[in-house]
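Quick one: the structure is below, questions incoming.
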């Protein structure tokens, strides 16, 4: 079997794995962004309790491996609370909650990077804290967060491969299944490497140009 | 078998896995720091070629999964170049080279975060670029890098678990071996989670206090 | 690669014992697993006995199963004994010994699930399998015929948990492995449905076209063990009939 | 209009304001001068509750502003604030910087707010910069836009915290001119400044602060030509 | 001592210096004034090659400094530079800020360098701050320490780029005093400044720059009282 043939045979399967990877990553990052925003705002609030909750979330999630979290959400919780969750949802939840903890810090850093004077100016005009945050601070923070956000995107994209432990057939898993049947590890890993690489390059170049255009 | 007993039986094995994890992480981060410094300096130099080489390194390594890199170093390179490498060295090299790419960006950001005026002041006194960088810029940059460095430490610590594919018995793999003989997945994963958690908390609190003391 | 050079160097100097690096999985009781910090199991005991008989030394190198074949191909290890079924696909890239144990697939379902007794009861249901195993191959071969969905896992505990949680209806596992597990773990929550589905053999593997000497030694030793009763003693130690 | 009595302010253990009393009448221009760190900015920020006071009362139009019942956002609508560092919103163009608060808070319709904004921009000499983003403006232009932004809320009192300290010297004049015009139009103003010329020309009264206390308070002519307190003398000798 | 001919400097397509000629004699104090963006800092930075020039020649003691053969580090030892933003090294205390370059470059022994540093600190009135870290200093103290740091290399010429612009007004005087003392001791100085009083009192000659060109060059008395060029007049009317 030459490489062309190998490619022809395995490409559709890898592509469908890639689709799963991208779907999970995208959905997870939506969740992560919401969690990051919520807990990020909590972590900069004046309320000690809210700050503490946010701190716990970040420490707990960053402090344990994703694989443990995935196991917990997919196998542990349903057993303990007696409900059923499908692997895809569990995977999205695990990666989302995991990335969310990092997003908290990204949001926090982004908000703190906005000059303090911006909030003071907004409040001085009579705007409420909430409105100042939403319309003045966050739009500026988001721009500053782009590089860190893309980094997280890349990390989550790769982390998705850990979900093979709960039976999700994403890109890495597809590759391993192919290798398990044809034993052409190097060529197959090569193809997987290139697929990740292409996606990540696309992402990081889009991000860089976005960043350039948004610099205000 | 109750939990106490389970704990007593599996703890030594998990502990030796943890030792391997920590050893690899520590050694890998030494390599990563050296690589990060070298390529980081290249990436801010005026020489287009050096910048390009640094860019390639970062893009290539960040763009591919660690598992592919580990396979390549342990299986691919020795076959291609006809030499032998032991799994431990290959693991250290893989994690080190991987983290190195992220360290490049950490160094770059750290150096750029030092006020431009510092370099100008040093050069104005007649100090060479090299000396200014070594004695004036880097000491300040390193302080600013602590949070990002600790983040990378945590990421690499967890990444080490991927090395089970090349036969390294680190913490996660130790856990899987234990589970395979006692079938107690939840308790064992729980212990692993706690071990990671304790180490990571120790790290991040040391880092935070270090940071506070070094703020100048 | 270099593994070969090393052993041939030892060859020319007939007196020193040859030392091989042999890989195993370590997460596959009763064939190889860890007990009190030592690797034990049928595979390990067989290997040890054969090494003594044939006069070679070995270094045991447990690794994740999915790294084993690449490691053999890359010459990082000289041989592998890891409950590895002899299949045509594997024989394309590996040289494998005579079968040293008759195995076969068992259909495994959740404890108390008596609706599934044979393959036919599985129409439209979901299989959980471990990738790269004979079970995965079997499920793939019967996918069309039975109209089943296949979910792939990385390791055995996850695959079993999937069935226990009711996310998959059945799983396929090598008969001796699952029988052993159900026996030692009363809380396994699983049961075997019906009889052995297939019959296959485990073999010792080396890289294709290399280490013939080691492969021959294994075959020779295995034969002697069977003749002198040691083989039955080892099996009985782990699987009481 | 403003009536401050016994204001004290601590940051942790550091007492920054140590008992301040003063009044500002409607239409009056009050200048506050004093060395760095004497508490001028803190005092000004207490007036619109950017800082909470530790002791004392501040009444504006008779209303105790540090009272729990006071709606701080309503209060701030009455007080325009101009910062040393401009603090224009960088993601909005000049026009939107000005119309943002009126549209959000006064429920003014966009069109009307823009007309108003253009009128104010004319007043501060920036009619041609309405659609420009802040980063394209010089320091002096930024500060004039910031003044227009504060005026758009039709405040009764304007607070200025060293509005020209961050400016290149040749731009100081244009900002002071806008402030002079405001004063002439009868705006009540409290101005922290290092521009002694401005204080002398425009202020109705000047307060000299040092170390959290008002050391001297007088009409500008008197304070600058015949300071009573040795600390005032010392300070003036350094900056004049 | 400095002889600059036809200096042009472009940043990309932007021509910032458009052909500058001037001399500085030994012991002379030259002040450069002009509006923001006129190229004053750029010109100063070309003198110690913090910027490379695009055209022209600069000779210092007869040596063409933008020549490939010139050792830029040796050159810079001759030229002390003081920045608007001080640029003290925050991780070194004041004493080490001062001794760092002499010890590294002149291979002076640590002890001797410290003695020297203490002498200089006395000169700028900071003898009690030797072991303090920069963050604990006020702006005026920082700038005086920065001057001492530059003097420690025993430069033949001192370059100042708006040394008092970042200071609170009451600290301006102390820094200018140190500079006056230096001038009195016969140091050759090139000073970019907005302090017209200083220029008037201390400068031997004043250059007015605008838009990358020298518009007017004269003795301070003449330039300030009878500027010839309308642009000079206009600028002076804004800042005086």
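By written order: A, B, C, D and E. Residues from 1 in each chain.
Just so it is clear, a residue touches a chain if its C-beta (ideal position, glycine included) is under 8 Å from a C-beta of that chain, and two chains touch if they have at least 3 such contacts.
Which chain is which protein? Per UniProt: D, E = Amino acid ABC transporter ATP-binding protein (PAAT family).
For clarity, every value in this text was computed on a predicted model and none was experimentally measured.
Asker: Quick one: which chains contact chain C and chain D both?
Answerer: Chains in contact with chain C as well as chain D: A.
Asker: Give me the set of chains touching chain D intersected with the set touching chain E.
Answerer: Chains touching both chain D and chain E: none.
Asker: Looking at B-C and A-D, which pair shares more C-beta contacts?
Answerer: B-C
Asker: Starting from the Cα centroid of chain E, hunt down the chain whose centroid lies farthest away.
Answerer: C
Asker: For chain C and chain E, let me know how many angstrom lie between their CA-based centres, rounded off.
Answerer: Those two chain centres are 79 Å apart.
Asker: When the C-alpha atoms of chain B and chain E are each averaged to a single point, how far apart are the two points in Å?
Answerer: Computed from C-alpha means, the inter-chain centre distance equals 45 Å.
Asker: Rounded to the nearest whole Å, what is the centre-to-centre distance of chain A and chain C, using the mean of the C-alpha atoms as each centre?
Answerer: Those two chain centres are 37 Å apart.
Asker: Which parts of chain A, given as residue numbers and ranges, touch two or more other chains?
Answerer: Answer for chain A, listing residues that touch two or more other chains: 71, 75, 185-186.
Asker: If I count partner chains per residue in chain C, which residues reach a count of at least 2?
Answerer: Within chain C, the residues that touch at least two other chains are 66, 70, 73, 155, 158, 161.
Asker: Indicate the residues of chain E shared as contacts by at least two other chains.
Answerer: none
Asker: Once the touch criterion is applied, which pairs of chains come out as touching?
Answerer: Every touching chain pair, ordered by label, is A-B, A-C, A-D, B-C, B-E, D-E.
Asker: Quick check on the complex: what are the chain D residues that touch chain E?
Answerer: 35-36, 138, 168-173, 194, 235, 238-239
Asker: Over in the complex, which chain D residues touch chain A? Could you list them?
Answerer: It is residues 48, 50, 73-77, 79-81, 83, 85, 87-91, 100-101, 104-105, 133, 135, 146, 149-150, 153 of chain D that touch chain A.
Asker: Which part of chain C faces chain B closely enough to touch in the complex?
Answerer: 1-3, 23, 26-29, 33-35, 37, 61-64, 66-67, 70-71, 73-76, 155-158, 160-161, 181, 184-185, 187-188
Asker: Per the contact definition, I'd like the list of chain C residues that touch chain A in the complex.
Answerer: 66, 69-70, 73, 89-90, 92-93, 128, 131-133, 136-137, 140, 151-155, 158-159, 161-162, 164-168
Asker: Per the contact definition, I'd like the list of chain B residues that touch chain A in the complex.
Answerer: Listed in rising order, the residues of chain B that touch chain A are 59-60, 62-68, 71-72, 75-76, 154-155, 158, 161, 172, 185-186, 189, 192-193, 196-197, 200-201, 204.
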